[in-house]
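To keep things simple, chains are lettered A, B, C and D as they appear, and every chain counts its residues starting from 1.
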Amino acid sequence: MSAGAKRVEQLDRVVIRFAGDSGDGMQLTGDRLTSESAQLGNDISTLPNFPAEIRAPAGTLPGVSSFQVHFADYDILTPGDAPNVLVAMNPAALKANISDLPQGADIILNTDEFTKRNLGKVGYAANPLDDGSLDAYAVHPVALTSMTVGALDGLGVSKKDAERAKNMFALGLLSWMYSRPFESTLRFLERKFAKRPDLVAANKAAFQAGWNFGETTEDFSVRYEVKPAKMRPGTYRNVTGNQALALGLVAASVRSKLPLFLGAYPITPASDILHELSKHKRFGITTMQAEDEIAAVGAALGAAYGGALGVTTTSGPGVALKGETISLAIALELPLVIVDVQRAGPSTGMPTKTEQADLNMALYGRHGEAPLAVIAPKSPSDCFHAAIEAARIALTYRTPVILLSDNYVANGSEPWLLPEAGELPDLSVEYARTPNGEDGRFLPYLRDPKTMARPWAIPGTPGLEHRIGGLEKADKTGDISYDPANHEFMVRTRAARIEGIEVPDVEVDDPDENARVLVLGWGSTYGPIGAACRALRQRGLPIAQAHLRHLSPLPANLGEVLQAYEKVVIPEMNLGQLAHVIRAKYLVDAVPFNQISGLPFTAATLESMLEDVVKNG
Amino acid sequence: MSAGAKRVEQLDRVVIRFAGDSGDGMQLTGDRLTSESAQLGNDISTLPNFPAEIRAPAGTLPGVSSFQVHFADYDILTPGDAPNVLVAMNPAALKANISDLPQGADIILNTDEFTKRNLGKVGYAANPLDDGSLDAYAVHPVALTSMTVGALDGLGVSKKDAERAKNMFALGLLSWMYSRPFESTLRFLERKFAKRPDLVAANKAAFQAGWNFGETTEDFSVRYEVKPAKMRPGTYRNVTGNQALALGLVAASVRSKLPLFLGAYPITPASDILHELSKHKRFGITTMQAEDEIAAVGAALGAAYGGALGVTTTSGPGVALKGETISLAIALELPLVIVDVQRAGPSTGMPTKTEQADLNMALYGRHGEAPLAVIAPKSPSDCFHAAIEAARIALTYRTPVILLSDNYVANGSEPWLLPEAGELPDLSVEYARTPNGEDGRFLPYLRDPKTMARPWAIPGTPGLEHRIGGLEKADKTGDISYDPANHEFMVRTRAARIEGIEVPDVEVDDPDENARVLVLGWGSTYGPIGAACRALRQRGLPIAQAHLRHLSPLPANLGEVLQAYEKVVIPEMNLGQLAHVIRAKYLVDAVPFNQISGLPFTAATLESMLEDVVKNG
Amino acid sequence: MASPTVELKLTAKDFKSDQEVRWCPGCGDYAILAAVQGFMPELGIPRENIVFISGIGCSSRFPYYMNTYGMHSIHGRAPAIATGLSASRPDLSVWVVTGDGDALSIGGNHLIHALRRNVNLKILLFNNRIYGLTKGQYSPTSELGKITKSTPAGSADSPFNPLSLALGAEATFVARTIDSDRKHLQSVLRAAADHKGSAFVEIYQNCNIFNDNAFEMIKDASSRDDHLIRLEQGQPIKFGAEGQFSVVHPEGAFGLRVQEGGDALIHDATVDDPAYAFALSRLSGSDLNTTPIGVFRNVQRPTYDEILQKQLVDAKAEGTGTPDEMLDGLLNTADTWTIL
Amino acid sequence: MASPTVELKLTAKDFKSDQEVRWCPGCGDYAILAAVQGFMPELGIPRENIVFISGIGCSSRFPYYMNTYGMHSIHGRAPAIATGLSASRPDLSVWVVTGDGDALSIGGNHLIHALRRNVNLKILLFNNRIYGLTKGQYSPTSELGKITKSTPAGSADSPFNPLSLALGAEATFVARTIDSDRKHLQSVLRAAADHKGSAFVEIYQNCNIFNDNAFEMIKDASSRDDHLIRLEQGQPIKFGAEGQFSVVHPEGAFGLRVQEGGDALIHDATVDDPAYAFALSRLSGSDLNTTPIGVFRNVQRPTYDEILQKQLVDAKAEGTGTPDEMLDGLLNTADTWTIL
């Protein structure tokens, strides 16, 4: 394929969205464009959007699946608010996505699917290609299906297979438009269809046809380039939050030298962590698909009791079920990592949509005074480090830790500067080996003076036989105790040991040190908040950003940080859960800014809100 | 029995504690003294203290069971901090209770049990009767067992039965000491042993022997009288919190004309509500002992869906398990009453001890934004009214309501001015009968403009067939919806409808209107807080008291009330859960005062804490 | 269950709701939906007295498509919710729709307790031997060693035999049928509806996306005759293209055997001892080689609902006076005293 | 399970913990505790490799009294917790102690799944047919119509037959014994310990406080001989003071019958088809009239633990390099690119 002779324009960033039917392969197409862009050295960020859980009939709105990729020649923080280009494989895809497009955006339409029947399915009275309703956009009608079928003529594949390759035609076209390197895609196709050489040929041909179409047709007069971003040197890969989280757990197992035991029950959007970990048994990882969430956390706790790094992964409804067992883990003071990939609630809610509304449950969702540690990753690749940090806290302090991911980071992806295994934190722990009490007695609740952790004496260790349980335990001996003073002591000790966990100070990003407004966030809102802050600063409006990874305990310097600003704003994808905590703890009149639509904040939304606060106080 | 010729002194109040082995019948003995005192017209308040769950071997500390009764000639608020009289049936009972006694208290000891063996069981090296360790008290050694056996000689009961009657001997003695009317006890014995006339005779004889012993022996030189209290006219009974709560649920069923369906799984200290309600099927009440807590709340929800007043009763660990189903109830917007009789946690904790540490879970213990109403009773008899209020809110607003009782009110008792059924609130509700939408369509999520409640259209109603579920629902139609704007709207609507529940303003008790310190409480701390406030005021120290029945939503005037005081103190039997809420919501620097020992506050503890605040700010 | 109203003239169409059906094209759930909708008019019960309650899963979307009352509840809890409804509303016809994961994994406890109690529920378990909704993990009915997303090295746990489990849990009515055989499916629904108490119906259902052709051996015309055994009350249990195979009960054995020719056992679902139905249930495991369909067990035992109702009726008969008077009476039952 | 260490010379006393035993005087749990402590030395396993895990209930206090590792967990969840422990620590001997409420009411799901998976657990169910710890509500093994605190008008639900349920859940080892018969109890423990996989042992246990004498018919010397059936592998199933009663398998029947004289069935717990053990389990219901004790079923099937272990071992064999190197390799498996 030649580079062609069309005009080439430079762009600093582009947002492209592929949209089509569940069966149209949009996730794969988006993945490939992401990969090509990564190869080129752009910074990237992606956002898949799966249809609601059941495959809807073809051509209907609920069946639309989309994938958005944002690539740029500088470092970016989000998958982009509004697509510059929409590829719509059918009328449903157009209808479902049009409202997100800014005026002037390019729309590439598969005209073959704009039949009366298909238009009718989604309630288009007239064909939007003809009725002027798309006048504000740069529309490119392309007979994607028939051109693909045409291009594959003679390759000996069935009509169905030929039609299926139309996503590669679209990818070829887009790759041409944005001058992407395509070698990795061709290699990918060879791998993917290794057992079907005819399909390798067909898909390659479709890709090439798309590329050639761009080069040839009049409709596409300009070609764009987005230069590589300046990124820190090193080896990168693209990673989703769920992948990174699973890999972080593997790393925690390797770096703690403990076998990892995952007890999990499938649930959207957490299942992929189970799937990923199931593939890595060679690391000594055991994964158990339990009968339900209670069994899953129970088994993980049983394994932790036996000396494993016990982990359970789920989403909100699952955490709701696990509360009683987590409370037991708190009483037993055993390490346990509970991953909650949050989705929109309450109840079943919108399983494929994102939300941050489980913070309250993580902090308070158990009977009695049942404190534990809570942390949250801020981006897809950060899930790796957050998982390691969760394991560190669990193992060092012998406590359950809730890791609050969400659908947005879990399924979004970004380039990830690969760490060296050897440079990751050393998480090794010592099991108890010898009695720690007088006259050779073993005291299971005698604490380490620094961490307040009790000894981890695992079955199989001679001389340390002991019994533990959910009833209140006497200090040191761990015997059952109903003594009032002991209970008071133990309750306060359990609280103090969580409060005493050492967590890094929160850092404030206030480049010119002249901001009066602080925006405080946690978890997956990091990207959009950061992008909004940058935009404001570029416009000369000072603003400070602080982002919490640790929600329990909170960083020691947080109070001071908050006091330093005239105004504190807390954007959250819930009704103000962190704001509530901050207000209670620091008596700071923090202003909540909440969006709870199942979608992540756009940078634009936050920018305009923050602008208002900065300007009008 | 004659009144005798001993000196009679007047007292305004007395606190008596019976303590003995689990098998010694202390609960019954205390109950009888309570009943006699009630007949006399004293105000009373009681506190049973059960041993930890398993019957320990006789004579051991864990096996000690006690019952404290406080009676007075004025209205009292607590069962009393420190007993004036301890009846100790064995060394274990003495040892377990001695530390609660003020100097000079009377101790009546059953000398028959102070054998070397029994003393050894509880670690008494020497006999406290001899070693001077009880010198600070007025000790009355009484050979309770042998005198009882002696008194029953010739009545033809077995030695075992005779020994068993020793509690009646003790009761007779105490009844004599405090000039109690004993007719109701004799009648009670006749009823209780109706099938065993020999036991009726034996127990009556034991009672009489005890009475006579008081009259005759030199050791008891003074007799006391506690005059009737001035109480509001009406008919009274003594009632425990669990009884009152169960009766309140019956009343709610009667006054709403809805069948009550209780789904419950036994758990201490809530099981008695299940037991009580199981007896009242004649009111159309169905009780189901479910296979677990999840099934219990599920069945109650299923019954509510079918038009019943659905109720589930449990304690903290059970609520932890029910969270996911409660979240469904929130999504379905159906009425449901969840009773949590709190006990000490976390995990199994101390099942027979009290605590208020489930407030956080009640408010926040579910995934997603899942708001509901929370209320708490302030005393045993108030459980009746709180249950009715919970049902009122659930039925009027179609929402789950969590009723937070605790072990202290649940097992404590007090006189209860019986209401007239006809004057209780009318809770009647209307099921939907006809379509509410255009062209005869039924819109299950079209709301009542005032209450924001959706129609309760129960199966069996022709023309209103509809489907509901846990997935997010479109406004009005209730169809499944993934629309972002709709979700945002529904989340905010669910929050607003709980916030919009009309609850009475909180009242402030500040008799001289000159207090600068407000003490704010909720639930079962009402008694001790109130007693402490009275004591302070009597000493000329002004203090204001406000007590919350409604924890969600909070009363509309609460902010204003809080602002009116220089200082707000919040005593709680947890680590400051209400204080956290108040601080967050009103940004008031409320000071938590926490005790989390499994025991209720004593008035003295609160008095000294509050005195300090009032004096030193 | 509500008594039939004679003049009802409903058709399958009356049981279709206005919701767009959203299963994958080709999913076996469509056929089951059609069969159920087609059968409903026969019940002779007004739509408003019929309730479908489901958990979560592809199959559990079912209630949305039925123009009756319906609840799409949470994962595994449908039997518990339905028990509360049925026990408090004996006038309703309550149907539970559930999947192999919903009923046997997370919901196992509620299922076995509903069966033990003999609650008057018709429980339809759509068994596709996979988790459909969460995109293809193995389920408690997947064959040992099954390779799925969550078990890339093969599953390590033997499956339940749902019918054996139900029988072990004291079920009074146990049956099995197949999505694609509408006539048979409807005949089983009919028997289930006629049964007083819990009726447990396993429906083999094809998930063409994540476990396609799982039941092909007993569906495909070329193989089905040699593997599918149709149980008919009072008939010898024979199968095979020419009826050449007999299910026999070898002397001294407790289980059953398939052989060519020989005296086929006469099927009787009404024998009280569940040992017979249990033996029948063991004829097929995950291999489907000799798979009986039809009603395995159909016996009478008092239902939970009816015992509770009787207790209510008996107790109510004792009550006298208006409800308010009864309440006053109740409040006053303890020792009372009066202050004037 | 850990292999016996030959030189161990432990006695019952070595298995007594320092905790004061706190059941009601006369409780059947004492006898079971003594029997278990007495049996433990036979295991030949060092104390530190033995773990007792329980739920909540009177019976579940058990681990506190054993001088081994132990966890008194939460209500109903012991099998789940023990599964995680056993699957990750195949070197341990893991025992579950549970009650009829703990195992069959709230814990039913975990129990049936542990049995289906054939996890290497020895599950001792102390069946007193009542909730002891919560002071006397009926349990899923209480007889229908039982009057208790929560059922003053009598319970409305038929009980489970724990052995039938276990068999319906694919249990590989199923046995029953009695608290008061120490020798028998220990013989059953021995067989359970020898079994590779889940061993389900129902122990009839007297709760003298809330359900006294529930098993008197088969305990009292005057009646026991006529009601208690001792199963012995390879022996005819006969009982009665003079061995006059036989358990027979009538021709054509699937169940068993008791009769005077006649050819008693020879007991064989090792037959693969669970239909036999199921039939045996039906001999007694709540009435105890003809109650077999002993090992009903004892067959081999791969255990969950061992399949998982094999997968681990196989997978580990593939890994090369140090763990850190393997981790680096894993992180780099996707498409990567390098910025210089």
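Operating definition for what follows: a contact is a pair of C-beta atoms (placed from the backbone, for glycine too) under 8 Å apart; a residue touches a chain by one contact, two chains touch by 3 or more.
In this text, all values refer to a predicted model and were calculated from it rather than measured experimentally.
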| item | value |
| --- | --- |
| Most widely separated chain from chain D, with each centre as the mean of CA atoms | A |
| Winner on C-beta contact pairs when B-D is weighed against A-D | A-D |
| Cα-centroid distance, chain B relative to chain D, in whole angstrom | 39 |
| Computed distance of Cα centres, chain B from chain A, in Å | 46 |
| Gap in Å, rounded to a whole number, between the CA centres of chain C and chain B | 44 |
| Touching two or more other chains - residue numbers and ranges from chain D | 56, 74, 105-106, 108-109, 113, 140, 153, 308, 311, 314-315 |
| Two or more partner chains touched - positions in chain A | 62, 281, 291-292, 317, 324, 328, 332, 347-348, 469-471, 480 |
| Contact footprint of chain B on chain A as seen in their complex | 52, 62, 315-317, 319-321, 323-324, 327-328, 330-332, 342, 344-350, 352-353, 355, 357-358, 360-361, 363-370, 469-472, 480, 482, 484-485, 487-488, 491-492, 494-495, 574-575, 580-581, 583-585, 587, 589, 595-599 |
| Complex interface listing, chain D residues touching chain B | 20-25, 56, 58, 61, 74-76, 105-106, 108, 131, 133-135, 137-138, 140, 149-153, 155, 209 |
| Residues on chain B engaged by chain C in the complex (per definition of touch) | 35, 38-39, 41, 184, 188, 228, 231-239, 247, 250-251, 254, 257, 259, 261, 263, 280-284, 286, 288, 290-292, 294-295, 298-308, 310, 324-325, 328, 332, 418-422, 459-471, 479-480 |
| Chain D - residues contacting chain C, complex | 105-109, 112-113, 116-118, 140, 153-154, 156-161, 164-170, 249, 251-255, 271, 273-276, 278-279, 282, 301, 304, 307-308, 311, 314-315 |
| Contact set on chain A toward chain C in their complex | 53-58, 60, 62, 264-268, 271, 274-275, 278-279, 281, 287, 289, 291-293, 317, 347-348 |
